[in-house]
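Below are two complexes that have chain A in common, paired first with chain B and then with chain C.
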Partner chain A sequence: MGPLSIVSEFPEWLNLLIAFFIGIGFGFALEQAGFSSSRRLAGMFYGYDTTVLKVFFTAAIVALAGSQLLSFFGLLNLKLVFVNPYYANSAILGGIIMGAGFIMGGYCPGTGISAMSIGKIDAMVFLLGGMLGAFLFMETYPLIQSIAMENYKGNMRIDEWLGVSPGVFTLLLIIAAVAMFWIAELAEKKFSRPDITSDI
Partner chain B sequence: MNVRIKYSLLLLGVGTILAFLPFHPSDSFLLKSDELLSVAASGENSFTVDQVARMVNREDSTIQLIDLREASQFKECNIPGSINIPFSDLLNPMWEGTFNQRNLRKIFYGNGDQTANYAWAIATGLGYKNNYIMKGGLNEWFKTVMLSRFEGEKISPAENALYETRFNARKAFKQINSLPDSLKSRYFKAKNIKQMKLDGGCQ
Partner chain C sequence: MNKSKYMNPYLAGVLLGLVLLAAMFLSGRGLGASGGIKDTVVAVVGAVDRQHAMNTPYYSKYYQNGEHPLKNWLTLEIFGMVLGGFISGALAHRLKFKIEKSPKISNRKRLLFAFLGGLFFVYGAQLARGCTSGAALSGMAVLSVAGFVTMVAIFGSAYMFAWFFRKLWI
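So, the complex of A and B:
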């Protein structure tokens, strides 16, 4: 019965060790999927390479369907799984800043680290900028705290908000994912840039 | 068939199956601690031993007394109509049928108040309705129902009714608990079987 860390009360060091190995796996998968290339990531914005959408959407539906199946068979207690608290202002403002940084820098934090680990200089500079941003955020936090904390919605779940069962929500998300995959394929044909994609 | 179409159909198939699966999140607290506290502080979650005695005399079918002590203690003595769910066994799925009955008032009791309060908080927190405790537990039951006597000269009608209730409950208590163990366990087995039949059916 999961989550394992809650049920078995792992010691802190074991929790961190498990996170370390999962981190290695995640980084390896990111690198192998080509996410250490800023051109591939930027391709999502320009439409010539939609791998990012396909990989992340697939990850989301696998996690969603998998956790629900585990819950159905009594192997995972979904109510014990941590749900990020939703601060609407922070999420929207942070999303805009992160999106802008993503397209300008060509990486998100995870893929930046993945690219840095294979020695990409642009990723190192990108991460340095990210750390500088984090430092500035901490230093100016008292000034922006009231904006960041506004519109707190608690541990919100979209299925509860829509008033549908988690299974129905999963189906809706899968339909959306399949539709997006088809649109992405069309976009790749329409905005194709063989001069870039053949290099990645 | 195109591999893309195959993947799409596979994904949609999995989604459709999931949409029809009943969602049963494993047992977990549905109420927050402050909600639990507000119900507990309102005092609406308890019955006095005299109220329980009256229900026992009436053979009230809308209540289920739940003895939270260990099986050996329960066998020694218990309030008529009780079932034994040791506190350590409270979350056993076997009792789901007993807890998950909206119209049945579940009244927990132990020797004192503590265990009953814990059981009440767990059952209520898990989202089961109509949970109560018997205030003071069996200690209070013995003091009030089993040992109290009227020692005045003149008895008012209200006092008379109260003492009659206690007397009848005491009689039932003694009768049930004087049964030999074999008969007692047979009695409870029969009661459990009857209850299991009632709990069946569609959800």
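So, the complex of A and C:
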């Protein structure tokens, strides 16, 4: 029963080895999806390429539905899986700052690492900027600490918040995703930019 | 033959989802990226000025247990990511040093905005306790409200700002 490293008390080196192999899969999947291309990622926000939406929501649903199924069959104890704590103000403000960075830089940190790994120089510069961003955050932390801690809601879960079961929520998310995929396919036709998409 | 350069997006999504599921099943956690960038900075600051690192609250917690700040799950995952991306790029013949940009803008402009974009993104990710990987994607997979809210904020904000930066891309 999982999570294996917690339930079976794996030694640290084994858990780190797992991390390394998970990373190989993560980097491979991002690059295969074409997330190593900033112009492909930016297409999401101008409509000419909606790969981001398709990959992102498909992945979220596979992991969500997969973990619910594993839990249902008693193979995974979801109580032992990390649930992100919800600090409402910093989640929203941080998200807005990230969105601005996304449209300026064309990458997020994960896709930047993916692009760097195949030699994209703009991605290397993006990650250098990212290191400065992390440095500035840590140096300015005392000033923004109060914002970062405001409106803490614990490890709040969306299914509980909406008052539905995890299964029902998963189903609703799948329906929403299919609707978005349909819109995305239409958008790619409407905002098609063959001059860009043939280049990436 | 009209070769498709990348994997079908839905198939790539399934692959990425299975990797995330494996992280949850094996290690009880999600994927991450920005946290690894922060760990690197912590390590650099600690190497350059250990006194400063010990005296600043945000760094000192990384040095309290006596372990190196890079000896953790996220850092190893990121080493793997670089290798995984490299393998994929090699198989698809995409390994090449280049600056990717719209032909309408200069290299200098592209790199300036790439740098600023990275700065904003990782600053925001520290505030939100995770980026698109650690907060949005992994958070959604465990049904955390934080994951959904962060996802909506990132994408909503990028759409909001897209008009202002359109000349960079289209």
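Just so we're on the same page, the second predicted complex is superposed on the first by the 200 of 200 C-alpha atoms of A that agree within 3 Å, B and C clash if a C-alpha of one lies under 4 Å from a C-alpha of the other, contacts with A are read in each partner's own complex, and residues count from 1 in each chain.
The criterion applied here is as follows: a contact is a pair of C-beta atoms (placed from the backbone, for glycine too) under 8 Å apart; a residue touches a chain by one contact, two chains touch by 3 or more.
No experiment lies behind these values; they were computed from the predicted model shown.
Student: In the overlay, answer first, second, both or neither for which of chain B and chain C A:166 touches.
Tutor: After superposing on A, A:166 lies in contact with both chain B and chain C.
Student: Does chain B (first) or chain C (second) touch A:78, or do both, or does neither?
Tutor: both
Student: Is A:186 in contact with chain B, with chain C, with both, or with neither (first, second, both, neither)?
Tutor: neither
Student: Should A:178 be classified as contacting the first partner (chain B), the second (chain C), both, or neither?
Tutor: Touch status of A:178: first partner only.
Student: Considering only the touch criterion stated at the top, classify A:149 as touching first (chain B), second (chain C), both, or neither.
Tutor: Neither chain B nor chain C is touched by A:149.
Student: On chain A, which partner touches more residues: chain B or chain C?
Tutor: After superposition, C is the partner touching more of chain A.
Student: Which partner does A:61 reach: the first (chain B), the second (chain C), both, or neither?
Tutor: both
Student: Residue overlap on chain A between the chain B contact set and the chain C contact set?
Tutor: Of chain A, residues 61, 76, 78, 80, 166, 181 contact chain B in one complex and chain C in the other.
Student: What residues of chain C sit close enough to touch chain A in their complex?
Tutor: 5-7, 9-10, 12-31, 33-34, 36-38, 40-42, 44-45, 56-59, 71-74, 76-89, 92, 94-102, 110-111, 113-162, 164-166, 168-170
Student: In the complex, go through chain B and note every residue touching chain A.
Tutor: Per the stated touch rule, the residues are 4, 8, 11-12, 14-16, 18-29.
Student: Going by the contact rule at the top, pick out the chain A residues touching chain B in the complex.
Tutor: Within the complex, chain A touches chain B at residues 1, 61, 65, 68-69, 71-72, 74, 76-80, 165-168, 170-171, 173-175, 177-178, 181-182, 185.
Student: Contact residues on chain A for chain C in the complex?
Tutor: 2-6, 15-34, 36-40, 42-46, 48, 51, 54-64, 66-67, 70, 75-76, 78, 80-88, 90-123, 125-139, 141-142, 144, 147-148, 153, 155-159, 161, 166, 169, 181, 193, 196, 200
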